[in-house]
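Common to both upcoming complexes is chain A, partnered first by chain B, then by chain C.
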Partner chain A sequence: MKAVHENTFTACRNACKLCTPLGACLTFRGIEATLPFLHGSQGCATYIRRYFISHFREPVDIASSSFDEQSAIFGGGDNLHRGLRNVIEKYKPQMIGVATTCLTETIGEDMPMLIRQFVKESQGDALPAIIPVSTPSYQGTHVEGFHAAVRAVVESLAEPGGRAGKAINILPGMVSPADQRHIKEIIEDFELPYVMLPDYSETLDAPTVAEYEKIASGGTTLNSIRGMGQARATISFGSTIASELSAGCLLQQRCDVPEYRLGLPIGIKQTDAFFDVLGELSGQVIPQKYFFERGRLIDAYVDGHKYVFGKRAVVYGQEDMVVGIAAFLAEIGIIPVLCASGAESGRLNENIRRVTPELTQEITVLEGADFLDIEQAAANLQPDLIIGNSKGYTFSRKLGVPLVRVGFPIHDRIGGPRLLHLGYRGAGQLFDRIVNTLIEAKQSSSPVGYTYI
Partner chain B sequence: MTVENELSPTKVKEELLKVFPAKVARKRSKAIVVNEPGASRQIQANTRTVPGIISMRGCCYAGCKGVVIGPTRDVLSITHGPIGCGFYSWLTRRNQTRPASDTDPNYMTYSTSTDMQESEIIFGGEKKLKQAIEEAYEAFKPEAIAIHSTCPVGLIGDDVHQVAREMSRQLGINIFAFSCEGYKGVSQSAGHHIANNQVFKHIVGRDDTTVDAKFRINLLGEYNIGGDAFVIEDLFERCGIELICTFCGNSDYEGMCRSHTADLNLVMCHRSINYMADMMETKYGIPWLKVNFIGAEATAKALRKIAQYFESASLAEKVEKVIAEEMPAVKTAQQDVKTRCEGKTAMLFVGGSRAHHYQELFREMGMKTISAGYEFAHRDDYEGRDVLPSIKVDADSRNIEELKIEADPKRYRPRKTKEQIKALKAEGMAIGEYKGMMPDMDKNSLVIDDLNHYEMEKLLEIYKPDVYCAGIKEKYAVQKAGVPCKQLHSYDYGGPYAGFKGAVNFFYEIDRMVNSRIWSYVQAPWQQRPQLEVGYVL
Partner chain C sequence: MVRILDERRQQVYRKGQGSFNMTCEKKSLAGAVSQRACVFCGSRVVLYPIADALHLVHGPIGCAAYTWDIRGALSSGPQLHRLSFSTDLREMDVIQGGEKKLYNSLVELIDEYQPKAAFVYATCIVGLIGDDVDAICRKVSSEKNITVLPVHSEGFCGSKKEGYRAACDALYKLVGTAPADGVSRHSINIMGDFNLAGEIWLIREYYNRMGVEVVANITGDGRVADIRRMHAASLNVVQCSGSIIHLARKLEEKYGRPYIRVSYFGIEDMAKALYDVAEFFDDPVMMEKAEQIVRSEVAAIMPEIRRYRKDLVGRKAAVYVGGAFKAFSLVRALRLLGMRTVLVGSQTGNQDDYRQLRDMCDAGTIIVDDSNPLELCGFLKEKGCDIFIGGVKERPIAYKLGLGFCDHNHERKQALAGFTGMLNFAREVYATVTSPVWQFVRRPQPAQENKK
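Presenting the complex of A and B:
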């Protein structure tokens, strides 16, 4: 393994990460009848809304306490209370997830106290659950914000129950709505009752129907979250989450629910591990459908191997996605020569090493990198392929190397929320896209223009 | 829908306000006006957004960095703050630019941020900012660097202006800072003002080089979304009009430095840039004219105004020639789309000027604007500049600096004598005037400022317009409600819509949208067949 890059730049030039409150808002959008609420300037809500909307192409409502200069100096308790009141009257949510911003963290707003005050002042009114999460944007990335919100919700709702329940918990991490739908399908096929948190598979990939809904239906129900403390087990995806941010860890410590921590199930090996756990927990053999799906995937690997083996790829984005994609690439014979993220959990390097033991000498890992770091490193590595979100397009174009879009944000292609990465099926789709991208590059650079490849 | 809705606009207004708590309803009530041209109705605008109401507004930083400063290709912007703001304003407005050659600088694809961490929040971020400036200088060697402050910067007390001065001396380039923290003002409008002030102080007037041309102008408030500026520039060129600088679209630093050598300022987006027009008039003696290059007729009118201002028969002749070349294609398209679009309805809730400008285009294609409003405008954008003296300055606006401008002792040169201005005004030329949006709208149309998410849903439900114009935040909610939504911030990845060619583009795009068959597929045939319903019940 080549040395982990040490950042020689102080400034961030074209960031490969987003801010913490964004992640929290995404989590809240995956809970039934819940409205995300940002305590800070209204610009944060507007920016984050527009970013989600350009990826998901769905309505995304995020309320704000709309700070002004006065509240920035004297505190925004009043703004928060008025904001909550208005949101409750208009949307009648079951839950409001209140995330802080750099503004309110800097002035040191005491969120639990402000919310207690609000509840006290509203005595007699039926109130939704109001759950705060601390998400200073000067700490961590959107992924930390996402996990912090999952944990905050579990912490305030889930009650210990001596593992009396039949259900399992599934914490999928920051994956696409299509991924979430697929995970649910798999678990249902194992006939396991489950609670998935969050679940934005419907709220952020909603159908157009005759009747318009103010808060899109779907999402994890509050009741099922309450039951998470009684689950038989928690399956959580993601190997780079800090324990103090992991809801799975919390459930284990507080409610004695055992946690199965797995990497994102991308590719055969990692999906096998997921199915193994499901088999163990359900006591069932793998459903026939997946036996075939897995077989077809291997068949595709065999068919496509001649196009991919020995190719070199640059992978960047959220750390867990990068680990998952790297493992998958190693499996199909592509060398992930550069694995990079803007995040700095300190766990990217070891996890890449863990999933690609045979390629140790050939992989460079960049932590806390921006896109200029990535571009510079990539230019020296002569990659055949780049895999990551839309933000890598600029350097992909500059280097003349094709980009396969995965993860978030994807705002220069349609269908980001429908991209499937997980399971045997997701691996199959990723494999086809990767192979076809390589074939296309070869085909268009060929002077002959072969149609038969 | 038909224009004659069974609900009167007054009833619609009541309906919109019904759900709000009494205090909020009272406040919102003043921002919703049933229009009556000539009756000088007052609208509440540029007031603080009610918390929790889901406004479409952005913040001060967005107005400064995103709108005004962002589109100039060779001024390098550094966002001073945690990573979010820099990331979200990273070319998301899709401004286009065209450097003279491949080797000329274009920093617009970069988003540089100090990426503040907790230690800077605690111990201050000035040191990191200095390092960031040094690095940016090393990497790009720009002529000018702009520093944009985000929320925490003002709170922790970083003196960005002092850092700018110090680094400017050290590196020998023009470095200036904007105190555009997100919590300032009530919307992005505060950021526009702050940006205008600093650009005027630190850039305008730095280079007295005068281009040898007869008709020198600046274009203010045109941001080159979808290539609008390219269309307008082409028209100027064909008419023999020399464009010194655009604030700010397809713009460069040199043009800004020389902009005070122009003889006329044309103002497109009144809201975001009128400060600049006023300040340039006071300091350098350059009059300004409100124009609109959105709409073919409006474009022709704007070009004719320029010729009239310069009192040049040769320019007038060229202008007429260009109009005559362009109009036939517009007329053909107009006649064609009218057969399918005449009588259809539109709503526009966008910007601080666009909601006004685009009504021209809809009118040209026979469509009717039934409701419109701005996101971040002031009363003068609705009611006209005549109301300026009567606007009460509240605490939020008072905090935004008003520069005291005086005539430049050496360079003040009135481009027109008082008599000339008087004569031009007598000819009907509205120099230094803007009448606002309301006089141009129909009686009984609804004018609504800072429309929020809830009111938008209600309006759609009541009116079911044929097209709704807004931005990305509204787009998919509107479409889920079964109404096509045209983005007028980013143009839905289309454009240009300015000038004559732009008008034709717009006609056909709206035609496609309002006549799309997709909505007829929402209900599947098997949902409508009664025998199936029976089967379902059984």
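Presenting the complex of A and C:
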């Protein structure tokens, strides 16, 4: 396996990553009655809102301290305080998640101090929890921002409790609302009490409502986060996240809650690993519902195996999603010839290797890649299909290779938040979409146009 | 009644209630979740459609990533504007400065893509880390023999308006750098149209049919060479005036070329845009042609519009857009469809704009400056609208409340300008207002909620 990490260009051309504050905002949207707040220029909040809205197609309010030149020179404390007061008055949140930006990190804003000051000045008022997270946009990607916010919330709220609780913690990582709903369903079927953080399965995929809600209902409750330090165990998804960013790691160190770190449960092998842990923690055998679901999935694999065997796929996006998809492809007979990400955790290569041991010779891994790097590499690899977020459409169209949309963002199709990737059920849906994409390519390029395939 | 933050009370006016004294052009209030963006956004919007220029965003990755190919600004030739280039500053660059990275990026991108000019957008932290963007641009300019223009668009240095201004300043540096000969006396520049879904092609065609030569499109389907000689045009026809008026004024000062303000939305405004140009050239033949165009185009679209109008009469609309000028046109276009505008607002309007809106609208209409989601929701509910017209950030608000929605912003892929655009607009309004899906949204509430 080759791990390539040399960009031909100094500049980034069509980024395959987003900035850290975006990830933090997503985490905060998954906590009950919480408003994300960006300490920086107005544009950051507006751009990130727009980016989310185009994917989730839900209202996404993100407040901003709306920096001006004065605040950039003398510090944005006043703006922060005014902004917090306005947000509290209008939204009445239980929590405000304050993420920094490149601007406020560069001028060296001392967030904990500014927040302490605000709390002191507001003495007597009932205040929401105000939790800062450091998310300089020049460091890491949105995924790091996502995890940093999860960790910041746990760090500030969870208290050690000698594993007295009955619940388990589940840290799903940056997955879709549909994925989150499915994970909850699975854990509930194992009759395990749990706390999932974050949980935007309702806040970012909400039904229409008779009354507009200032902050969409749902999300992990603050009380349950407080209890995460007493949990029996933490299950966290994601193998590329750095330990110092991992809330699971923190809970283990600080509260002695053992962490089961798993890859995203995409495909049979990785989902089996997840179910094994649930079985161990619950003392239950796999519920019959999933036994059948797994069986049907294997049946589908068998039905479709010839359509996919030996096909070559380009996979890109968030590192953990890439690892998960690569593992899944390997088990159905597709070779993920190129696995790429704009991120640079330094752990993508080893993890791809871990989940595709038989294919190491055939896979190129690109770290810190932009879309033009990916396009260039892909063009030489003759792929049959491309799997990733909607931003790959540009090169998919150029190369004439079909794109199967997964992950985030999906800006050119409806239903991004309803895409299911995880569990046996998610694998079934992915499998159908992949097989049908290949069949469709064959059908539409055929001069005959078979109606039976 | 909608809860409005104390500091924003003067930014909301209800026609018929109290004297008109709207405050506007204010900085957004911290924490108010403004629908506005920043200086960078303003500059990027204006310059983005110049299709043969290199657009390099100097800063961390976010600003470039969020503005990659998000607008429907079409080009009839080069597509360089649709790529997203960033210096992608990292921690070490923040510590040591990003000049070298900027220099290297520019050089390699110019070599690779051979652009006709380059724009370098300075984002929030560039000045703070001490980068001298102007110096690097000058250096690369002379080394590569290509115009490299810095755009001072640090996000925090004002609002979108300052970004427009920075973009106009950069454009102005190109103007007059190519000879102006061979241009007809009957010539114009189309300014402030971004060629969303090919709109500028429609407009150009109308003007061409009138015998008017279009020198430059600013900036939709824009080309660097056209901008260089745009001072040759006799008249500047300015739409979306907020974004580009600064450049029109400079052209008037320096080259004595006058400008008129127009709008291409709706039959009335589109027709006026043609008549005003013919009138400026004081040419009866041209006026005759303009009238012919209007007659034939209107005749072609009215039968279908009348059909929609039957179902739309008396329905209520809310409008919240970036610039107030577009709001005027929308109020008129909606009236043509038989609809009433009960809420109208903009991100960047001024006193005069809002006064004009007040005069156009019926009593009780709410006029609002720099609003936010909660306020908008409150107003929509209070007024009971059938459709909300705005940009992508407004869409989920409308849908959550069970209203129709029409995207009248830069992300749309449907031409709404010109006579053809009016028909498209009517179709879209009709489709969203009369869709059967709303019967399920406006459903009776469950019993326990009724008790509240």
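Heads up, the rule we're going with is that the second predicted complex is superposed on the first by the 451 of 453 C-alpha atoms of A that agree within 3 Å, B and C clash if a C-alpha of one lies under 4 Å from a C-alpha of the other, contacts with A are read in each partner's own complex, and residues count from 1 in each chain.
Assume contacts are C-beta pairs under 8 Å (C-beta built on N, C-alpha and C of every residue); 3 or more make two chains touch, one makes a residue touch a chain.
These numbers come from a predicted model, not from an experiment.
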When chain B and chain C are modelled together on chain A, clash or fit: clash
Contacts of A:H305 with chain B and chain C, given as first, second, both or neither: neither
Touched partner set for A:K442, first chain B, second chain C, both or neither: neither
Contacts of A:R413 with chain B and chain C, given as first, second, both or neither: neither
First (chain B), second (chain C), both or neither touched by A:K289: neither
Touched partner set for A:C44, first chain B, second chain C, both or neither: both
First, second, both or neither for A:A11, with chain B first and chain C second: both
On chain A, the residue positions that both chain B and chain C contact, one per complex: 9-15, 17-19, 21-22, 37, 40-51, 53-54, 56-59, 61-69, 71-72, 79-80, 82-87, 89-90, 101-103, 106-107, 136-139, 141, 206, 208-210, 212, 214, 391, 394
Interfacial residue positions of chain A with respect to chain C in the complex: 9-15, 17-19, 21-22, 37, 40-51, 53-54, 56-69, 71-72, 79-80, 82-87, 89-91, 101-103, 106-107, 136-139, 141, 206, 208-210, 212, 214, 372, 391, 394
Chain C to chain A touching residues, read off their complex: 3, 5, 27-41, 56, 59-70, 83-91, 93-94, 101, 104-105, 108-109, 112, 123-125, 128-129, 155-159, 373-374, 377, 381, 392-393, 395-397, 399-402, 411, 441, 443, 445, 449
Complex contacts: residues of chain B adjacent to chain A: 19-21, 24, 48-62, 78, 81-90, 92, 109-118, 120-121, 128, 131-132, 135-136, 139, 150-152, 154-156, 181-186, 188, 395-396, 399, 453-454, 457, 461, 471-473, 475-477, 479-482, 522-523
Chain A residues within the chain B interface of the complex: 9-15, 17-22, 37, 40-51, 53-54, 56-59, 61-72, 79-80, 82-87, 89-90, 101-103, 105-107, 136-139, 141, 206, 208-210, 212-214, 342, 391, 394
